[in-house]
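Each structure below appears as structure tokens.
Look at the two complexes coming up: chain A is in both, with chain B in one and chain C in the other.
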Partner chain A sequence: MTFGEYVVSRWGTLSLAAAEHALVVAIAIGIATVVGVGIGLLGFQAPKVRGASLALSAGILTIPSLALLTLLIPITGLGWGPTLVALTGYAFLPIIRNTVTGLDGVDAATVEAGRGMGLSAARVLLKVRLPLAWPLILTGVRVSAQMLIGIAAIAAYVDGPGLGTQIFEGLARLGSVNSLNATLAGTLGIVVIAVLFDAFFFAVRQLTTPRGLRVRP
Partner chain B sequence: MTADTIAIGRSGAPVRASGLRHVLTPAAIAVVLVALYAWVSTLELDSIERRSLNREVIVAKVVEHLQMTVAATALVVIIAVPLGIVASRSRNRFITPVILTAGNLGQAVPCIGLLVLATFVLGVGFQTALVGLVIYAVLPVLRNTMVGLQQIDPALVESARGMGMTKGQVLRRVELKLAVPAILAGLRTALVLTVGVATLGAFVAAGGLGELIINGLKLNRMPVTIVGGVLTACIAFFIDWLGSLAEKLLKPRGM
Partner chain C sequence: MFDRDPAGVRIELRGLTKHYPGQPAPAVDNVNLDIPAGELVVFVGPSGCGKTTTMKMINRLVEPTSGEIRIGGEDVLNLHPDELRRHIGYAIQQVGLFPHLTVGENVALVPKLLGWPAAKVADRVEELLSLVNLEPGAYHDRYPRQLSGGQQQRVGVARALAADPPVMLMDEPFGATDPITREHLQSEFAKLQKKLRKTIIFVTHDFEEAITLGDRIAVLRERSHIAQYDTPANILAAPADDYVAGFIGQDATLKRLALLTVDDVPAVGPVPSSNGLPRVDAGTSLREALDTMVAHGSDRCATPSGVLTYTALCEAVGTDGAKTGHEEVAAGDR
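For the complex of A and B:
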């Protein structure tokens, strides 16, 4: 069976696995973005919160994914539980770091102008700093997403969802008829998902960047 | 994979390295290891667990794991740093966006997929794991070397040229020295990444601590898995700590 025939004949399985892969990454990224940007906003004024959250999220990222996924089994069981928890944990560092960096990087004169117009400190943060930092925050989210898409493949080993199942199936049946096809389908499918996510983030960036930032040379 | 997967712009100076952290990390690792030892010695191990959780096996697995990590990282340095230098030369600028995009998307390529695909070509074993690991870790180091060299103030290069240095001398004495922090950051990322990915080497019969993780899971012996996982994490933290020390010590004076 050629690779093409394999993909056609298993289309149902493959597309379901791909959809689950994208879904689990999207959920993890969604949670991590909301929490991470929140922490970034809080930590912006409080150096202790900032230092602690950055150190903690860097620490999580240092834990090897196979180790973290398996260590979570006694707590969350198999399947979606450890996958979601581990992926969400891994996503924090780029998001928090870019939020903090982006908020910091806003031109002091712009902030001063906001204050001069009578905005409160909180409103300056939300109405001036956040929109200006948004492109950088979005880059952090995008970096996280790319990372998670790759890590999610390993989740199949703890019975998690996604295209990793194809890779592990190929591994389990090494040497049999469709093992190469399954591995290729899993790996290439994940790359396709990564490209689609990247395109999505590019579109979001174009649509949500404040107009003043877009027209600047 | 801390550090520089997120190298965006210049302002992203990583928040790290208070003096305290240099003592804190090894202390925390030691505490975790002692706690692990104490916990395991309170358990009554059955014969299956005893077969994995004894000194010879654990030492052998740690050694295999480190061998895999160190060999892969050495190869990555040999491949990626020269390529990064070549890519950073001004006549090769056209390749910059390609490498940056590949560096981002490359993160998403599943390393387990690479390992299994390498198995189809090379069969199972140490060299297969090595190939998979190297392919996976080359991009971050390549990208950091390139970006590190490109970020150097052109005025500095210009003045070195004006002092009569040849292009080779400028590269060796000025550019590479100034790019050391960026290259080291990429290397540290690659090392920590490799420690983690080396656990997957067990899937292609290359040994390492992944074997404990997988065996424990397969035989339903959680202590074996936990020992493998915690040891791997400790090695990763330890290597990250060594990397932070190296970054501090090897940074050229004056920067």
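For the complex of A and C:
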């Protein structure tokens, strides 16, 4: 069976796995963005929160994904549970770090002018710093998303959703019929998902970056 | 608050001190100063002398260590800092426009914070943009990045004026522009202030700028000690000490001439017709008139009201130019 025939014959399985793969990543990124940006905003004014959250999220990233997924089984069981928890955990570092860096990087004169005009500290943070930091925050989210799409493949080990199943099945039966096709389908599917996510974030960036930051002089 | 009347109010500084923790000496040490209502007072001094710190204590961007600040008789240290700042215009050298907001939104910010009705805010924005010579139709919807440095400074001034505050604090607001734009902005702003009569504290290290704009000048030395506080003419005529004299530079008399115009000097003789005298327009500064005279090798020039002589020039600044000066010019008159 050629690769093309394989994809056509297994289209139902493959497309469902791909959709689940994208969905689990999207949910994890959604949660991590809301929580991560929130922590970044809190950490901006509380150095202890900032230090602790950055250290913790960096710590999570050092745990091998296979180990983390396995360690989560007693708590979350198999399948979607450990996959979502692990992916969300991995997504934090780029998001929190870019949020903090972006908020910090806003031109001091702009902030001073805002304070001097009588904007409260909270208003400067939410109405001035956050919109100006947004492109950088979004870059963090995008990096996290790309990373998670790759990691999500490992989730097949704990019976998680996604295209990882194709890859692992193929590798386990290497040399037998369709093993290469399965591995290839899983891998290429992940590449396609990554490209689609990137296109999505490009569009989001275009739509949500304040116009004043996009205009050319 | 003190801004029920948008015309200027008096500012009083009493024993104002800022001592940063860990520093051996205070950055601002016991400043006492009265700023009359509706006047533009320039704080001038070398960098690091504490002039900006002194200014920032007035809107409490820097909290004083001790001392008292009264605006229109009201003790500002008893007011909420954010609330206080909404009633004090603030313009800085780097302008600090919000790049994600349009020019119109930048200017509208404080009036909106103060809860003005939308229609009133819109009218005010139009009015202010015209006031700083930016065509509202063309600039209202532009973003700060699309403006030149000079245009940004104008928007900065418009934004500071937005809620019609009786007090404005300006920290080298024209500092970041090229000399030509700068001079242009200065003269525009001087005209504007003549109309508005706000109480303005203006910080600069440029003594020329201080003379051009100030009703009064406070020459500051380190730790914001006041070396001299007087009108530009008085400081130029009688610097309090060598420090002030050094700040003025070598050409104090020329600078005094720059403060007067040909209309301030009684002209002699009838209005000349075309008898070959160099002519100057009404409102020309005496410095420029002198320049015209020297350029034409003449000791007199024609003004719209009569003839201005070199002697009259010298008398205007209180020197006896009748003999020596006249001869010098005559000698140069070939």
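Assume the second predicted complex is superposed on the first by the 215 of 217 C-alpha atoms of A that agree within 3 Å, B and C clash if a C-alpha of one lies under 4 Å from a C-alpha of the other, contacts with A are read in each partner's own complex, and residues count from 1 in each chain.
In this text, a contact is a pair of C-beta atoms (placed from the backbone, for glycine too) under 8 Å apart; a residue touches a chain by one contact, two chains touch by 3 or more.
Model, not experiment: these values are computed from the prediction.
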Touched partner set for A:R115, first chain B, second chain C, both or neither: second
Partner chain in contact with A:G186 - chain B first, chain C second, else both or neither: first
Partner chain(s) touched by A:L93 [first = chain B, second = chain C, both, neither]: first
Partner chain(s) touched by A:G30 [first = chain B, second = chain C, both, neither]: neither
First, second, both or neither for A:G77, with chain B first and chain C second: neither
Between chain B and chain C, more extensive residue contact with chain A: B
Touching residues on chain A, where the partner in the complex is chain C: 107, 109-120, 128, 131-132, 210-213, 215-217
List of chain C residues in touch with chain A within their complex: 59, 61, 82-87, 90, 92-102, 109-110, 113, 143-146, 156, 159-160, 169
Touching residues (chain side chain A, partner chain B) in the complex: 50-51, 54-55, 58-59, 61-68, 70-71, 73-74, 93-94, 97-98, 101, 104-105, 136, 139-140, 142-143, 146-147, 149-150, 152-154, 157-158, 163-164, 167-168, 170-171, 174, 179-180, 183-184, 186-187, 190-191, 193-195, 197-198
Residues of chain B that touch chain A when the two form their complex: 1-2, 5-6, 8-9, 11-12, 14-16, 21, 104-105, 107-114, 116-117, 119-120, 124, 192, 195-197, 199-200, 203-204, 210, 213, 216-217, 222, 225-226, 228-230, 232-233, 236-237, 240
